[in-house]
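Here come two complexes built around chain A, the first alongside chain B, the second alongside chain C.
Up next, the complex of A and B:
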């Protein structure tokens, strides 16, 4: 669905590249996470792929359209949810969606249906300017689905939302993906990426450091550990055992046999820990 | 369809914002001022303050001469405040001036010194002729002073005969003119229509940039020119509403309103395209203000030539507001000079289209800038 080859971009059109020699592919039906700290080049790549920035060097094909000679028809196939909500504050929620739906040449989703989906039912006739930040974000998110896109660009879709709404948004993303929608997710939130993405790319200083599935990364870079909380001589103790080394496995068995176990968790490395390990950089 | 829905959306946004109402409010305010404050023709009579220092019978003869020139052949008694006192004086009103007959030489000096009025003392000397004393302000030209010096000299017989035999022929006797009040309307139409449009469309663009909605538009299949044209359309509607609001009550059936529609639409198109182009170079209205200010000031310059025809250098006719004003004057006169108005409209349409095309190219490149 997306093919990027040797993509480089410099805002000042000089040798100081914000994005350097990027290569990746996103398969149809996949959720591809583009992960990195602020200023890593995530938005630059996304803006090039959505035509908001002109392609300078390299090649990019999005939904079978060559980004070098971008066609307006491409936008019938893609949806874009921005990190910063950008809706007409003087129009109501419904007017915002109704206007946007008329810009497309393909069948669009009923605006009331979308508003219900993102939990804005009953707010159809309220001006977006009166919305809270979270509500505006949900309206922006809803707008990106109006043309039932085949390829959906999501920029920090849950940032600034309260946990229950963020959970609803994640559910919508999963459902759409199950319906066959390809998703390009840009985020610095590793938990979201871990939960949603089939594959992730780590980008730092404009370069992709690694691309793989979260499971593979955990297997490759994470240590397989079990943390046990147990009672010994009327005292609560916590110990961590490797599930790989034989002596640790034996010691774990002994604890299980001889003591009362309070809690026991497998403790695998988080995506964030792997990111730091691989790139040597934090995510903020 | 996309263009129409964009246009409807822009109209909704405009009607919910304050720029639209500023334009309409200004039109209503201008109409109110024109209807209730501005006279049809401005007062161009001069005031003269005279003291007649002569015997009563001589002054009566002098006043009879003045009275013959008055509009109604009468003098009226009016009160003037002189040295903090109310004084009764006689007022003679002629076609070109109002003559106040004062009661003393001191009053004449007072009017000149304290009220900066033209005053004079006309005294009869021992030989029975008149002596004239003028109190001037100091800024009068030499030509004016010379004129006063020869004003009371009896004309030479030959000169009088020569003047009487002069033949004066008017080259055109059917010249239509607007009243003083109506003469201001073309500038009002240009400033309240085209120039406000230039500024307001830039403000609309910067509002969209600030809200980020321009990015959302950029990732839709709708072309940029439709986004821009829908904004131009709103400015055209605003210009038409505010212009007709002022012109119809004042001019009634005299102008050719269809011709006016053509000129309003084309000038609004030209000015708003220019506003779009200027806005394309800046990120916010504060940055663009300098450029907008310079263009607006430049557009105001031709109004000087419009009101002072003796100062009308050739280069001024190249400033767009000049042909706009001339076009509106022609329409308001109702003289059916449609070839001129259509030519001007055509030029604005062509130049406006070129600027719009350039703006479209700029916005396609820098839509999210």
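Up next, the complex of A and C:
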């Protein structure tokens, strides 16, 4: 669905590249996470792929359209949800969606249906300018689905949303993906990436450091540990055992056999810990 | 493409009628028309008013009605009271076998002379048809002041059209919605055309309103539409450039006001300066637009003249476009 080869971009059109030599592919039906700290070059790559920035160097094909000679028809196939809400504040929620639906050449989704989907039912006739930040974000998110895109670009889709709304948004993303929509997710939130993405790319200082599935990364970079909380001589103790080394496995078995276990859980590395380990950088 | 242009225009219209400043700009042409009508005399008005005694000399009343506004009164006292009113009116009152003129004393000399002359011509039994002079008209059928005001108002409205475009573009910038438009299948050309419709339509609607309110019904409408369309191009261009380069409405409106300078310069050059100074203003599109509109309002412009002036305005707008286009394109990214 997306093919990027040797993509580089410099805002000043000089040798100081904001992104350099980017290569990756996104398969149809995949959720691909583009992860990195602020200023890493995530949005630059996304803006090039959506035609908001001109392709300077390299090659990129998006939804079978060559980005070098971008065709406006491509936008009938893709949807874009921006990190910063960008809706007409003087128009109502429904007027906003109705307006955008008329700018597409394909069948569009009913505005009320989309508003209901993102939890804005009853707010159809309220001006977007009167919305809270979270409501504007949901309206922006709803708008990106209006043309039923085959390829969906999501830039920080849950940023600034309260946990229950964020959970709803994640459910919508999963449902759309199950319906066959390919998703390009740009985020610095490793938890959402871990939960949603089939594969992730770590980008730092304009370069991709690694691409793999979250599971493989955890296997490759995480340590297999089990943390056990148990009672010994009327005292609560906590110990961590490796599930790889035989002596640890044996010790764990002894604890289970001889003591009352209060809690026990695996301690696999988080995506954030792996990111720091691989890139040597935090996500802030 | 036309459907999308219409959609973008309808969105702007919907927002503009909800916004006080935009709504004020939209109804401004009607206000102009009404104000010009109130503060300038009508096309066929005369400035000489005469007061006569009712039934004293019907033949005289009929004769003088051809050349002045006549009011009749039942007595000399009533005429005296009327003459003492605030406006200029001259009483013609019988005395013995002749008439005397009753004035307040502050009337202009020309008005008094005109009244004297009319009375003299009547007493000498001279009519307009008795003259040997041949009448040659120069084509002026409307008062020059009214025509100039209408002309300036039309050009002014074209600038308001640009201001409206700038306001709508500023709204796009403030709400950051240009990026959302850029990820739809709407081309930049379609977007620009859609955004321009409001400014151009305001100019056409405003011109039509002024012409209808003031009563220039006999002018060549096609010539007027042509010159208005090319004039509004300049305002559209400046409206776009100010819209994409300003982040708030006040600064955009302030920048648009700069357009009034070339407008006033063009008007003053034609109305006040002598021929030798005219070439200094040939760069000014409003100069040519004013010239062309003046001919149309006088009903004296030939198609060759109007096409020439429109062509010059078009070329000048083309030069402005060549200069501004890169900045507009960058602003829309």
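Convention: the second predicted complex is superposed on the first by the 284 of 284 C-alpha atoms of A that agree within 3 Å, B and C clash if a C-alpha of one lies under 4 Å from a C-alpha of the other, contacts with A are read in each partner's own complex, and residues count from 1 in each chain.
One rule holds for everything that comes next: contacts are C-beta pairs under 8 Å (C-beta built on N, C-alpha and C of every residue); 3 or more make two chains touch, one makes a residue touch a chain.
Bear in mind that the values here come from a model prediction, so they are computed numbers and not experimental data.
Partners chain B and chain C, brought together by superposition on chain A, clash.
Of the two partner chains, both chain B and chain C are touched by A:99.
By the touch criterion defined above, A:78 lies against chain B and chain C together after alignment on the C-alpha atoms of chain A. Superposed model on chain A: among 78-86, 114-122 or 222-230, the stretch of chain C in collision with chain B is 222-230, the rest showing no clash.
Shared contact residues of chain A with chain B and chain C: 50-52, 72-76, 78, 80, 82, 84, 86-91, 95, 99-100, 102-105, 140, 143. Across the interface of their complex, chain A is touched by residues 3-4, 7, 11, 14-15, 18-19, 171, 174-177, 179-187, 333 of chain C.
Of all residues in chain A, those touching chain B in their complex are 47, 50-54, 72-76, 78, 80, 82, 84-91, 95, 99-100, 102-105, 127, 140, 143.
The touching residues of chain A, when paired with chain C in their complex, are 50-52, 72-76, 78-80, 82, 84, 86-91, 95, 99-100, 102-105, 140, 143.
Here chain B touches chain A in the complex through residues 1-2, 5-6, 9, 12-13, 16-17, 211-213, 215-223, 365, 367-368, going by the rule given at the top.
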